[in-house]
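First chain written, first letter: the chains are A, B, C and D, and each begins at residue 1.
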Amino acid sequence: MGGNSLGRVFTVSSFGESHGKCVGAIIDSPPSGLRIDRQHISLYLKRRMMGYGSTGRKEPEDFEILSGVFRDHTTGAPLLLLIWNRDVDSSFYESIKSKPRPGHADYVARIRYGGWNDYRGGGRFSGRITAGFVAAGSVALQLLKKIGIRIYAYSKSIGPVSTEATPREEFLKSVYENPLRTIPSDSYDSMCNIIERAKQSGDSVGGVVECWIFGLPVGIGDPVFHSLDSDIAYANMCIPGIKGVEFGLGFQCTRMLGSEFNDSPIIKDNKVIYETSKSGGILGGISTGAPIYFRLAVRPTPSIYLPQRTVDLEKMAEAELKLEGRFDTCIVPRVVPVVECVTAIVLVDHLMYQGFIPQVLKEV
Amino acid sequence: MGGNSLGRVFTVSSFGESHGKCVGAIIDSPPSGLRIDRQHISLYLKRRMMGYGSTGRKEPEDFEILSGVFRDHTTGAPLLLLIWNRDVDSSFYESIKSKPRPGHADYVARIRYGGWNDYRGGGRFSGRITAGFVAAGSVALQLLKKIGIRIYAYSKSIGPVSTEATPREEFLKSVYENPLRTIPSDSYDSMCNIIERAKQSGDSVGGVVECWIFGLPVGIGDPVFHSLDSDIAYANMCIPGIKGVEFGLGFQCTRMLGSEFNDSPIIKDNKVIYETSKSGGILGGISTGAPIYFRLAVRPTPSIYLPQRTVDLEKMAEAELKLEGRFDTCIVPRVVPVVECVTAIVLVDHLMYQGFIPQVLKEV
Amino acid sequence: MGGNSLGRVFTVSSFGESHGKCVGAIIDSPPSGLRIDRQHISLYLKRRMMGYGSTGRKEPEDFEILSGVFRDHTTGAPLLLLIWNRDVDSSFYESIKSKPRPGHADYVARIRYGGWNDYRGGGRFSGRITAGFVAAGSVALQLLKKIGIRIYAYSKSIGPVSTEATPREEFLKSVYENPLRTIPSDSYDSMCNIIERAKQSGDSVGGVVECWIFGLPVGIGDPVFHSLDSDIAYANMCIPGIKGVEFGLGFQCTRMLGSEFNDSPIIKDNKVIYETSKSGGILGGISTGAPIYFRLAVRPTPSIYLPQRTVDLEKMAEAELKLEGRFDTCIVPRVVPVVECVTAIVLVDHLMYQGFIPQVLKEV
Amino acid sequence: MGGNSLGRVFTVSSFGESHGKCVGAIIDSPPSGLRIDRQHISLYLKRRMMGYGSTGRKEPEDFEILSGVFRDHTTGAPLLLLIWNRDVDSSFYESIKSKPRPGHADYVARIRYGGWNDYRGGGRFSGRITAGFVAAGSVALQLLKKIGIRIYAYSKSIGPVSTEATPREEFLKSVYENPLRTIPSDSYDSMCNIIERAKQSGDSVGGVVECWIFGLPVGIGDPVFHSLDSDIAYANMCIPGIKGVEFGLGFQCTRMLGSEFNDSPIIKDNKVIYETSKSGGILGGISTGAPIYFRLAVRPTPSIYLPQRTVDLEKMAEAELKLEGRFDTCIVPRVVPVVECVTAIVLVDHLMYQGFIPQVLKEV
């Protein structure tokens, strides 16, 4: 398998470049018989575009479903989702072609591909690539909704300011109602301020996204490889800008005793359940039926307005670089829907693999 | 591909159970012409067995190479590495069959496999599975050594005590000289004390393992999926007990400004290099040529001697469970060689994929 | 991996339906630095459309490269090749929706996908799907040309009439100069007559395509699975309408003695070569350096003008069906370029896998 | 995925060499809850060893199940099947090391692996490799039996003599009762005579194996790639010595008219069925519910007692080679069970992929 696909049976292949004609994804293949809600795809593409701290382009994405849907339902054939890029001015990228942007993949991509890569706007390494993940993930979310599985991400922290509010489902449901995509808390204003201050100084900030999964049945995942946490970690680490992932109490558990950290099953309503979810709702790579949650470290946007040191590859000399364009001061709120989508893809892949989602949803 | 394989061209498939006949791995396939150093495999299997805080079995593992090696060199055919299990008494596991151990996969495995899984000693979910990773990883390490790539892991923290010493290669080289598998620092005694105290109270502790890679050329990895950090994160998350992973400054970067965190290229000896490695030596999923480093959260051992709450699945009632046997108070030092091995597998896979390691090492 | 991809490192994923918006393929991923000759793609798409016995649409295909090419060269990112379908009238297919066409997949597809499949023009099962193979295969052929590997297919027989002329490379080079896509022989007129007669009676005919590969080095392929002949057979069997494949003397070898059939190496110009190629230029799944050749059985076109027996799925009664539209009397000449393209994809995949084609063709 | 695995979800990985320690296979992974019948595995291993025209070793194979089975049932973990090789004298192979055997892969393997391959007894290229296929295939056959799917192969022809008897299931059931593994017919004695005559002259003969599948439901397979016929063709072409495959009427259909060859559905007992199976029970890559059948061309055994021409690679001169050892005059009867097993693996893989075989067969 080439380097641009994810999943075993619900396989999502990514394509496209930032300043090329399009970005997108192929799903090979969704079950047949799913009614495709195009509004949902549009909504998620829009959510990916916006958020507090982003440059806030307003026009909706121009997406098309080019194969795999007939009479508004999936056919079971490969589903091609394509988002057209708008005409963009790439001239600035020509001017800095020989000056790799700090924190970006410009230089390593040049080496990796012998200089043939499309460097405009970061090309294949751009965050724009995630529009394809989101389109495919919207389809996955639509599938999960039918079987009662809910995924919610939110901005847990912006720079050094974190919300410690409890992420109850009722709050998580409404994170898109605020531009920070966070849950109600006293920290809201401070989080905004962090972004404002960075913006004013031409700098950028990062943060933490936390994601919760409700309704996943017990018993999903494989031991060893394709353990559910490994697959979720993998897919989310593929989102540009993610530098770390932790499940449940995560790194905090390394400072706890076994007796404090172990999740124990209990009996409730004559059923075995895990009430605690300190390990994140996954034991041995397999879901326990408790809510699954994990956190992702989102780096500060590498593109900033401050002058930076770099090298001039033509002159083989050190150089200063001052970037021009519209950059997000903070991508954390924009990462929120991408995390939901990528996680949905992983869940659908596992659920199809184990037969929890059949290949034919229903007969016509 | 089934759920028990890792890698695209240097594919490692895991098999075996804790109290079954054996554990092991197949590599499909190493390049032909590698002289196999059996001592190295033995050494790594031994390293995996021991370490401060472990129960310290002394007998060497009984491993065999069953295919793929002829006249002491790899043939290019699948390399089957098998480690025989010793006769072990599984009777205790029979006695607690209906009482899932807290923090273990006993209950979820039962649901996942309809009750058919081998539950003795945790079966497929046991840490013993990593003996197969280590055997395969030793082969990967031998390959990497030939091209000058070095991987070193060490115990960065035990419970709340962390070493802040600089992990210079000269120190990393000698971590196996101390049973904590850590680098020299003032924290050594405190780290040991944490383990001792937990041991005395019948409890367990976790910690953090940090891993460094030196000598990897610039340009290894793919954007989007199969990015180098995603693949390293994935493989290490597959080690039982790992709850988080972070590259470079990791979660700390979320509290930094872009201007502080960006790695800039510089010119040194007329070559472009990255001197800083704040993002962990990987940008856009591709190696920068700077040292790569990442940290893993290792949970406290789930098996402890203290009585714990669980359920009795036969009586469908809550129950107390007191485990018997020999348990590691802390697995952090034992995880150290496993991390090196798993990481080596990922690197060889990428290096073969990109042609940096040829399919035939040399002609006879 | 989903069901619509071919290859391990040069992975071609197919998408599209006959009467949908488009058909096409993604290559994940070609080496970077290949100059893409769009004329070559157009030429092969045109060759796939025409040929003696076909309905002979004249307008060129409307294809686009949507990603993976920048400044006319491959970037090393996924290459998306898309061929727009023309507006076609699907009303006839609505009228026969409940009457599965004999020899077609109409009924089995309905069952397979629960009735959700796009049945118009055969949908995903249409020969039109091969336009995507051809576009991807053209890229593969362009790669092979750079390293001196040539692939030629030709119409070996039409119905019962076969050419026994020797397929020398000089003749094979010019098969596209005649509409039968065959080599010069006395059988030419008889082969045409077979098609003419079938056409006049509203019927169809099949035939045999033979394919030759020159210039492939010795040592390409793997034993057991991914043997070169298995992979070539597999990919060609995926072309709609192929019912059999044989290498070298094929089924004829079953009537020979071992002493007659064995290929022996000889010394020529102080080099070891195989002069004979009775086994088709492949031994043990690995190329011998001799020309590789194989034959494919192409079934008579299932769509014919004669009335046929079928069932009416709504009335659950037997029914007569008379097809309307433009059908190829014989698809053999149209299969010729598809075989070349599909075979080229397999060869490039093996050559990249073994490192004979590097991931970066040259530096900029 | 490396070059030694077959299948998407019921993945069979092959390992071992002819004169190494063992051969075998890993299945990753069978559904849990299948009672493993070791007698069935032994029976099929024995069937693979014997047959008219073979050298007829009598001792049963020494096989072990090393993982994935607990209390006689599959656990859902990787199932490792290993067949120990007996001590064999490899000295003859040392003596002919520089003289590639005609019709064998000796020379091409040497080039492929840079001379590191295990050449003893053909190493990885030996027919002995199929013992691993058979062990894994026996497990697949046991799975298929539970859902009423039957696979039968038989010797259709030996050299130029073919049986034209109708392969009714009642006859197919008993092919192992005769050493030719064929169905009752007048040709029996002639077929035996062909083998006898070749044996007396120190030569070898080939033949045709035909395989029938009964009971497969309609709707199994994918269009385009992973079409059922392509996957069956692929897996069977991987058996050493197979030079061609054809489904249904196969190459004969190329001489027929569309009106003669098309399979039409009919109504029987108020159900839609395909009574004819001219295309071999598969349309568009998907099963029609009619019996599936195909034929394989088995080459004459390459190892013969007659002196043959070859080259001496050390002297770089042409040379004569006279092989010593025990060779099968005809491998056709021994291929029969291998075809059944390999085909069973493909069917189980498709049935699991489409959910017709669940991942858990039943609860304990």
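As a working rule, a contact is a pair of C-beta atoms (placed from the backbone, for glycine too) under 8 Å apart; a residue touches a chain by one contact, two chains touch by 3 or more.
In this text the structure is predicted, and so the values were computed from the model without any measurement.
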Most distant chain from chain B by Cα centroid: C
Between the pairs A-D and A-C, the one where more C-beta pairs touch: A-C
Chain A and chain B, separation of their C-alpha mean positions in angstrom: 26
Mean-CA-position distance for chain D and chain A (Å): 46
Between chain A and chain C, centroid-to-centroid distance (C-alpha), Å: 39
Where chain B touches two or more other chains, by residue: 1, 3-5, 8-9, 14, 77, 112, 124, 223, 353
In the complex with chain A, residue positions of chain D that touch it: 1, 8-9, 77, 223, 353-355, 358-359
Contact set on chain B toward chain D in their complex: 1-5, 8-11, 13-17, 20-24, 26-29, 32-33, 64, 66-68, 70, 73-78, 80, 82, 112-118, 123-124, 360-364
Complex contact set, residues of chain C against chain D: 1, 3-6, 8, 14, 100, 102-105, 107-109, 111-112, 122, 124-125, 129, 157, 159-160, 198, 203-208, 218-227, 229-231, 233-235, 237-238, 240, 243-251, 253-267, 270, 272, 279-280, 283-288, 295, 297-304, 306, 308-311, 313, 316-318, 353
